[in-house]
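We just call them A, B, C and D in the order they show up, numbering each chain from 1.
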Amino acid sequence: MKKRVAVVGATGIAGQQFLVALENHPWFEVGLLAASQRSAGKTYAEAIRDPKTGARQWWCQEEPPQKMLSLVVHEASSINLSDIDLVFSAVESGPARELEPLYAATTPVVSAASAFRYEADVPLLIPGLNLDHIHLIDTQRKNRGWQGYIATQPNCTTIGLAITLKPLFDTFGLQTVIMTSMQGLSGAGRSPGVIGLDVVDNIIPFISGEEEKVEKEAQKILGRLSDGAITPADFSVSATCTRVAVLEGHTESVLAVMDKPCSVDDARAAMIAFGQEFSRLGLPSAPKHMIIVHDDPFRPQPRLDRDAEDGMATSAGRFRADSALDNGVKYLLVSHNTKMGAAKGAVLMAEYLYQQGYV
Amino acid sequence: MKKRVAVVGATGIAGQQFLVALENHPWFEVGLLAASQRSAGKTYAEAIRDPKTGARQWWCQEEPPQKMLSLVVHEASSINLSDIDLVFSAVESGPARELEPLYAATTPVVSAASAFRYEADVPLLIPGLNLDHIHLIDTQRKNRGWQGYIATQPNCTTIGLAITLKPLFDTFGLQTVIMTSMQGLSGAGRSPGVIGLDVVDNIIPFISGEEEKVEKEAQKILGRLSDGAITPADFSVSATCTRVAVLEGHTESVLAVMDKPCSVDDARAAMIAFGQEFSRLGLPSAPKHMIIVHDDPFRPQPRLDRDAEDGMATSAGRFRADSALDNGVKYLLVSHNTKMGAAKGAVLMAEYLYQQGYV
Amino acid sequence: MKKRVAVVGATGIAGQQFLVALENHPWFEVGLLAASQRSAGKTYAEAIRDPKTGARQWWCQEEPPQKMLSLVVHEASSINLSDIDLVFSAVESGPARELEPLYAATTPVVSAASAFRYEADVPLLIPGLNLDHIHLIDTQRKNRGWQGYIATQPNCTTIGLAITLKPLFDTFGLQTVIMTSMQGLSGAGRSPGVIGLDVVDNIIPFISGEEEKVEKEAQKILGRLSDGAITPADFSVSATCTRVAVLEGHTESVLAVMDKPCSVDDARAAMIAFGQEFSRLGLPSAPKHMIIVHDDPFRPQPRLDRDAEDGMATSAGRFRADSALDNGVKYLLVSHNTKMGAAKGAVLMAEYLYQQGYV
Amino acid sequence: MKKRVAVVGATGIAGQQFLVALENHPWFEVGLLAASQRSAGKTYAEAIRDPKTGARQWWCQEEPPQKMLSLVVHEASSINLSDIDLVFSAVESGPARELEPLYAATTPVVSAASAFRYEADVPLLIPGLNLDHIHLIDTQRKNRGWQGYIATQPNCTTIGLAITLKPLFDTFGLQTVIMTSMQGLSGAGRSPGVIGLDVVDNIIPFISGEEEKVEKEAQKILGRLSDGAITPADFSVSATCTRVAVLEGHTESVLAVMDKPCSVDDARAAMIAFGQEFSRLGLPSAPKHMIIVHDDPFRPQPRLDRDAEDGMATSAGRFRADSALDNGVKYLLVSHNTKMGAAKGAVLMAEYLYQQGYV
């Protein structure tokens, strides 16, 4: 029998992506939809119609899952979780801070929001990378007296970076990471996100709060769990985050300075080898390759590579020895910010939690 | 009386930009146009018409200078320079290698091509930055037995970078520079440059040869001239160059690691102060400010800032202390690649050469 | 002595464009700025700063006029017009309906809003086209007992269309006009206008209310004023309005079916000849040519032609005899929607009103 | 046993799209690849590598079919068709004029080129629309003494237009069609197609030869075959074709004036009903619906709708009664120019020819 899951924030764009990622899922079944007061009591089909114009407010390329349309949407602060095994939280950080503890008191919560990411007893997980950190959940439950827990997903810009850093970190050690991102528009959402007048024939050189998140998250994700606590990894990260006229997909120019000598071939080989064990776990949403390495110097490109393995693989290329710093290797990566970087990545995390007995 | 100048490669896009930059110039007058065999013997008006369709092949926003239209175009390899004081060379690197020495035997040549940039006795000049290097011309004349000389302009991506590095270099010393560029389409030209199908909703992660140029040129430009030779500056540069869907203007994300402590305010102040002496020289094409420093974190943006001071000022912003490396300061810059970065910058260089008695 | 004018809605993007269009104006001087309650009592410099981030909310390419920055912004519903000769109204249609009659009781109002455009005694004016309609003001004053009046400007999409139709209408009569527009993003404003996610690699096939405006306005503008009333012109207009990823400038594909035979050369000649009398009036903001006719089949293009004569000329090209309808001529036009199509066009209208003694 | 087909022009972008459309096809198997002298004798994998850089010249989003990579490419003018049942011709019009008759002497040819489209005995076919025209093949064979034949596909801009006109034509008769297109970049190909510098923030108002093709082709396609000849349909078409910054998909604004009254609901209903019989034929590449009708006024949009039914369905919306012409209905359509409009549409045509015994 499938596990019953709730999606909170189901009418927003992130929530819609969860519904798509969960359609026909072999292990999970959406049994409850929740959103704000404004949608409560309506069917999902009604809730995603603009009350004035009647136009459908659905933002995914895929059609809304048929079964969802007739479900009634509940008010997020008063849902009944008695027959729910897992909550996916797709709300903004503000509401997440209020709502997620309510749910976690009884039920596991997998969250894409940043509200609890930086708390010492909350794991910040990337599937295939640091899933051993799930044991931090035990500490969290003890600390907070919860039957459930909160497990969080990093910022979408961190995800592609951390995935490519992990094999370098494990084999060569990391000293310093310098990264400049060119991020897709979907990362800014639709409320209103980036307006066309600002981004056509242009670059936006600043994304508020983004650089700090990347710098802090990478160290926690690559940190070591011992005695119920995480020691952040001991390397420094310097990020510059920009927005460009690309619809989906974050492109990042990375310089990784390592502790030990690492040739271009070493770096390529480490990335190619990375994640084989994870892909053997048989998780339904897992990519066959965590990282796809390109030799053509014109790759990766966001439009050509963001959808690799349905957006779950990170693409890397242009490996070069750094001309400035010893033990430095440079590369570019493309990562799908709303697939592996958001809902579908969170579903993959939940699959692992389930397999490990945490759901 | 104005100096008479020739423009070689006058029918190409770079040559057209020279004609625009020289229109109504107070010191220079275009007296000779040269191009390939195909255009030779035609009036300029004829030479820029497509022979099949009759459509005008003129690529600048400004109209072609009226006086040019009736000039006859000469074949570049056999022009008579007897009444020409200065040659602007706007040809590709291959032809430049053949043609520029022919001209330099008798006449000063200011070149936007890369053919001679890296030769030890050829100065690589940015106005307001290293114009003392013009004295390398004396060495060059001696070495080569020329009455004229070749003075070259750097790659357009190097120019904005070097301009912002110079005040840091002078005051704090430079150890290492890490740079990722997001370059405008005009830098790739029109033959065919970057096609629309490749760049809409996309980023091209590679520009052949560009990174090597930036790395080598920055060191020569900031080098020291003594005893008739240039010692390259002793810092390392690591560049990653990409192309984005921006029409004009190169945006660069820079991390400069200095020898001495340099706060964000120090870096800003050094850039603001830079170039005041140069702007007092009264050169007609010089900007009032070499660098415009922005405090709004959403600036500089290529569309909003590329045209600052008619494309002759470099705009910088987002100054931050680096989170990874000591004495590191990060910033972004926007530089107009076809104004200060090409023809108009070369004309400004020529203005200085003239003022110093080299024309 | 210059006439003192007020700009209402001065902090919005349309109001900002008025301030730019009025900077250093030889006849008008901005003596009063008004906006909503939120800005009232602040200096203009304060009013255009984001209260949270401190970032400047200024949307024109030109810098804000220096003199404006220290003016205090007044609340729009309670301004004192005793020393104001003319009000420029740059507010949305809703507030315009309330505010403009308040002002018009004592003072002439030139409005870019649609609130009063369709009232029988309110002229809908395009400079150089139907300025004889200003005499409708006399009717309006009589009807409403106002000392001032309201004179309105058409929708930006109507303006380029009506300008090119007028010479055809006058000489050949018009039966039917079929038009499809491809409109620039600036026409949708910034609140939020069209978001980047919707318009990159895309076309938006609908602009709410736009087609009806174009169809109705063209007939009124080309109508005949007699006995203090306008009889709409007797031709039909069919419009399809779309939005494309162009920053500024509306492109329109037009088929005009005329009463009498009109060759392609006739149509071209009529457009070239149009407006010569108007340009001899010496109005400061008037273009030298109302219509610029292109023979190159690749023109007009919005990016290349929108700024012709500082955005005050309409560019037309691709004249062809229609292959379907008798007496039909097809052409494309480009018109600058926020110059001639908005603030600067309204200022030009005011110049004429002043010259004719209506200010 | 599957029919063996050849793809001529296999290395170009159109040929690549044929290989993708034919991968794992249930009825056809690619047995021969042909291209120009330059590729002859190489494996396909070698032939699509840039000889200088080694980079792969493959332009489809899908990967090249594995089986193709090791096939040897033959020179197009000297291929042996003895075991080939059908030739797909994906070459330009010039070579097509030479090559297609060579093949047709012995073998059926399905061609995407325009070379023979307008010859009286060559059918111009759109699947689901005028497949009864295939009997013109009998005339052609008789006229030319060929065992094979040439069957051609219309221009990609004609295809979406003709598909939506057909149900109107059949029920209400057509008098006049006025159409303005906003075409995607892929229609211009890659040699070089439209360059980025020309199309970012812009519209290209002219596509050489396109309007004439649309006007002529629509009449032939909707014409009547009798006594072995086609009488073109008796309505007039007026087309204006432009290019916009959209990657794939042609958007067309259409006004159809009919012989008989046709309400908006009539037009919608006719389009919804259209093609049901065709889709029952069970052709592998056929869409379930020839036309998808949208009620949301913001649809169709090229990015959202071009891929409907894998690019084989035409999407239509914004049905309105025309405000200018009697019996006129307006709508917009989106059609995928490189799926139904090119290779996959040609494969669908071949499926019908096979089913009818013509292969």
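Some notes on this structure:
Simple rule for what comes next: a residue touches a chain if its C-beta (ideal position, glycine included) is under 8 Å from a C-beta of that chain, and two chains touch if they have at least 3 such contacts.
All values derive from a computational prediction rather than experimental measurement.
Set against the C-alpha centre of chain A, every other chain centre is closer than that of C. For the interfaces B-C and A-C, the C-beta contact count is higher for A-C. Per-chain CA centroids place chain B at a distance of 41 Å from chain C. For the pair chain A and chain C, the distance between C-alpha centroids works out to 47 Å.
Contact with two or more other chains is made by residues 200-201, 245-247, 297-298, 304 of chain A. Chain contact summary for the complex, chain B toward chain C: residues 55-56, 61, 200-201, 296-298, 304. Chain B meets chain A in the complex at residues 176-178, 180, 182, 201-206, 208, 215, 236-240, 242, 244-247, 251, 253, 255, 297-304, 317-318, 322-325, 328, 330, 332. On the side of chain D, the complex with chain B involves touching residues 185-186, 190, 192-201, 245-247.
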